[in-house]
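In the part that follows, the structures are each spelled out as structure tokens.
Same chain, two partners: subunit A is paired with subunit B first, then with subunit C.
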Partner chain A sequence: MGDTEVGTGVRAELRAYIEEAFLYLHPDVELRDHDQFLELGVIDSLGFVELVEEVQTRYGIAVDALEITEENFGSLDALVAFVERRR
Partner chain B sequence: MSTLSADLRRAAATAPGKEALVAGERRMTYAELDAAASALAARLHALGVERGDRVAILLPNSIEAAIAIYGALRAGAAFVPLNPTIKADKLAYVLSDCEATAIVTDDQLAALAEEASGHAPSVRHTLRAEQATDARGARSCPAASVSWPGGARSRPAPTTTAGPINVDLAAIVYTSGSTGRPKGVTLTHANMMFAAGSIVSYLGMHVHDRVLCVVPLSFDYGLYQLLMCVRVGATLVLEKGFAFPGRVLELLEREEITGLPGVPTIFQVLASAGAGAVAHDLPELRFLTNTAAALAPTTIEAIRAAFPQARLYSMYGLTECKRVSYLPPEQLDARPESVGIPIPGTEAWIEDDAGNRLPQGGVGELVVRGAHVMQGYWNDPAATAERLRPGRWPWERELMTGDLFRQDDEGYLSFVGRRDDILKSRGEKVAPKEVEAVLHQADGVRMAAVVGAPDRMLGQAIVAYVVPHDGAQLQAAVLRRHCAQHLEDYMVPSRVELREQLPTTPNGKIDRRALAEDAAATPAAR
Partner chain C sequence: MCGVAGIVRADRDAVVAEEVLRGIAGALRHRGPDGWGYARGPGYGLVSTRLAIFDVPGGWQPMRGPAGTLLVYNGEVYNHPELRRELGGAFATTCDAEVVLRLLEREGLAALDRLNGQFAFAWWEPDARRLTLVRDRFGVRPLHWAMLPDGGIAFASEAKALFASGEVAAAPDLAGIDEVFTTWGARAPRTAFAGVAQLPPGGLLVWEDGAVVAQRTWWAPDYDASDVAPAADDLSDLLADAVRLRLRADVPVGTYLSGGLDSSLITALAQQASDHELRTFSVAFHDARYDERAFQQQVATALGTRHHVVEVGLCEIADGFRAVVAHAETPLIRTAPVPLYLLAQATRAHGITVVATGEGADELFWGYDLFKETALRELHAREPGRAEALLDELYPYLDVPAERRGPAWKRFFFEAGAPGDPLFSHQPRITATGIVRAFYRPEVAAALASGAVPANGAAAGAASAALARLRAELPPAFARWSALERAAYLELTTLLAPNLLAAQGDRVAMAHGVEGRFPFLDHRVFAHSVALPPERKLGPGLREKAELRALAERLLPRAVVERPKQPYRAPEVAPFFGEHAPEWVAERLEARALDDVGIFDPVRVAGLLRRCRSGKANGFREGMALVGILSTQVWHERFCGLGTAGAWPAERSEPRVRLDAAEGITSR
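== the complex of A and B ==
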């Protein structure tokens, strides 16, 4: 814990979305920015489908299947880097 | 030596250096897998596990899970594969029901295993897989050696070391029952060897196959990928799940995968993710298999466009006999909705309520006979009698599937519907009663009814209708969270609808049909 970042812009938006869409099911989980969603069990395979759709619509990014990887979608850090790179 | 453990021994003797398993960066040969299974079997024996005991396996898809399965079998025990997202209450129930002697798990799931074992007095040992580490503490690769710490209260090794024979129990696979209580499907070595052999034959699997398994080994679909690969000496590439289609596409290419088993949710994701972009790089991919629910025609089209070189098999089955039927791929254009013909060496037909075989075109219950039919439900003669009935010979029993089918004039089967109210979501069976029982445990819930709604991704989405007690302030999100804490992931309702009352039928029961129509008409919230 401790290093949960508040952040601004994309990071804050994505954190808010993830809290609203996924984290409420896991009240005992404190998500840090580098935590792997899958490892923590907060987002499962269908969750990632939703997450990808959200990123596509919210930021107008066309995501190719090959890009749906842990490196791009696995954590909040990964997600922010991906969106900022592609926006 | 027709046992599952002998299959592994033969594969290791024939091609010791052949790659058996790949998981992440780790690789294991047949000789290593065989030795690891023997080592675990010796460990189980040393702890007092005896032939015929049940060994529960609580592990994600991993090299350790494969070792645990063959280790338990080599010890002469039957294995009980468990979904790693199972919660403590249900785990305790299953462990008690099958009277498991030992549970094999890993560090991450050990706390759950210990909590549940506390309520399951039969469990004497909890073994945790531990990967061998090198001098610097890094996990060695390839991890040929896995150790199994844990398991206190050692007993003298059993005096008899005679191995199992093929009429012995090999596995108990738990499946959702319409009563809401999971039922243990009992399978002998002969059952599983026969089913694996039959499937291997129609898929034409061989020693050069490399199968990518993203479906859990805890369910029979994933489990049989392992059994079939070991049977033919092929390579199984294990992934913990299907979260990242990019990862799966990368693995298909990098590992030169020849076979990909999936369920509609997986193929739908691959199709909608535009998998076609890379498909031309996959010359090795030879077959795709689908089961659990039918693929939508648009998904079939997208998958065939994305993977034009692969044959697509539509299949149907239930844990009680592993698999019933498959559609030869060349028939897919002519009968896209059919799940085909009985698997080799078996028979299946359709009957009316009076037990008369129906002519082609009629709708009735599908009945199955063959060496793949289970021995019954563990400890549950009443449930067994509902599914198994006397067969053609005094020693034979036939399986009543409980599913309604139609057969066309050339004998091809098509699924029509279920007789009970079991739902299928993400390819897994969900009993509404099991979800309702959990909802009833939540504070402030007066009534709860769970139905399925058609869903492009899930097959059926689980939708819960809840009536609060007077004055109770319920929130849908809180109820979903409650479900997530007590149910496996795939059973958690996608939506919880709060109502002041539920529709009833003329005789006062909850009108599930009306609720299902309501659920289908309401657009998915997520």
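== the complex of A and C ==
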């Protein structure tokens, strides 16, 4: 149960961050957990710079350049899985 | 230095009313606070407002030459004493304007190549009914024009004089505004106003009896290097001469001292050439992240100048912002012009009306980080490992905040643009700046979109009309130039002229009747910089401005020569939020005000404001977005809003010059 709660916490935190930092520029978008950021156009290349920085500082994770992939950062689901795996 | 303007009608008998000329003069009074004059005759009216620098008692304009042609002239030709000797004969004044007029009457436009200086002028040949507008090589001095419905033409140093004439209405040009939010300034002939054009740097236009018959550039930056690399000492002599010429004035001269290499070097050379105590003027920031006062003081002390400092905090930036937008006549992307506006104000208050600065050195000698970054990104395409290692080594010398040193930034940095792309050097900046365009209302984005832009309008830096025009207008030789020469050309033509010399240069200085002079933008210094081998600009280890640094070592304190370059910036978000923020900020950013202007989307802007108010909008992109949106709102209110009539009270004083060939003809 503890893991699920952490998962929910990370998911809620990251969703709140993404909504606040990026989605205000896309008022028509309802972001679902599996939606791809790039595909939807809600986070651009410089947005990923900010997103990676946020993940590093918020969760104390050192992200390697090679880890910056769609598998790890491409959607809310991917992000949550990456953070849970790494922290 | 002055303001110039005029109206020429297609109808050769039409009269331009004196009241219209007074209106125009009123709008340009700040450029020429010492007095004004006009000339008019059948079908034309010319106006000059004067800031007296040479021949203070004489030298009033408009000026009539021996052949009967008329000149209104803004700026300086520094080699006028030499040209005067060459021309020979008697002169009515000791003013450079008279030399230019005589040369034009004798040689026509062939004379332009011989002028060393910064100028914009209009030359009227009444018999031929020919008006020639000319702007200096780098675009130091501004010149705007508009076609009139009857086939006539109106021109003015600043667009506000066109509006004050009653002949031209102010309305936004979305394409021009979009250029501001793509490459940081609308590029000539475009402006932010529909129906108002500007002459390009090094450009000329000829109107003859009802139609524009020629538009071309008489000078353009060319990087096809000469075969002979200059000798090591050449720059020292050349720059000393460029400074010496620019100290010529019949009034006291000062320098702006930023604390960096370029302005320090100019100050040192000015001190050597000056026969009186040199005055130096600097901006200091309350916020230590922007402040360079320790370096400024070091230079001032070492050189023994009489130094003045203007302290700038958040309130000063907020309070000066609207006036700066009104002078700049364009939406802005940064607040950086505001401290320079305040600096000019202080300079004037100390009785100095002419200042030399270091502007241009970074473009000519590859000083900006952009040049290092371009070199690295180009290397990355061939040797990624080496480029990444070099970037790590360079970080201490690059002005990048912490978040731009992370792994994701590196990825972005090295993947932004392909080396073969003509705009390769500028793609990271273009992409970053695209944030402002993401705030457009959907219908504005749609109106601007070419086929390649996704419908959401948020595709920062994607193919746009602004970039398509830029690509299409690159000179044929561009393809032959190296990546760094291309970068330099783009810096000169997309940033220096449309932004640094305009909103951040001429307009904020002339707002207070202060003239900036730029020794590095002497065309001989430019030719020298082009001929230098690349490694004497961007040196070993990507150390910038190698040739200038070598010269500076002989003239300046070691700490100033060796310090890492610090770009000039000012706070962008903080001035406009919190207790000290003026009320008009919130008012201009309300949904209703945004709807009235019709460019930015209130829902998106509200999201940005939430982040600004909660202190989360710390990134450089959101700073650009806020300044871009707020300045557009202020700009629109000032120029295109209701009740802008009467914004520039007409000139009521007696003209110092009145060349009136129209008296007795009924005014209309």
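In this text, the second predicted complex is superposed on the first by the 80 of 87 C-alpha atoms of A that agree within 3 Å, B and C clash if a C-alpha of one lies under 4 Å from a C-alpha of the other, contacts with A are read in each partner's own complex, and residues count from 1 in each chain.
Rule of thumb we're sticking to: a contact is a pair of C-beta atoms (placed from the backbone, for glycine too) under 8 Å apart; a residue touches a chain by one contact, two chains touch by 3 or more.
Computed from a prediction, not measured in an experiment: that's the story for all the values here.
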First (subunit B), second (subunit C), both or neither touched by A:L38: first
First (subunit B), second (subunit C), both or neither touched by A:H26: both
Partner chain(s) touched by A:Q56 [first = subunit B, second = subunit C, both, neither]: second
Touched partner set for A:E70, first subunit B, second subunit C, both or neither: first
Contact residues of subunit A, present in both the subunit B and the subunit C interface: 21, 24-27, 41, 44-46, 48-50, 52, 64-65, 67-68
Residues of subunit A touching subunit C in the complex: 20-21, 23-27, 41, 44-46, 48-53, 56, 63-65, 67-68
Subunit C - residues contacting subunit A, complex: 402-404, 406-412, 415-416, 431-432, 434-435, 438-439, 454, 456, 458-460, 601, 603-604, 606-608, 610-611, 616, 619, 621
Of all residues in subunit A, those that touch subunit B in their complex: 21, 24-27, 38, 41, 43-46, 48-50, 52, 64-70, 72-74
Complex contact set, residues of subunit B against subunit A: 85, 240-247, 249-250, 265, 269-270, 272-275, 277-278, 426, 457-458, 477, 480-481, 484, 489, 492, 526
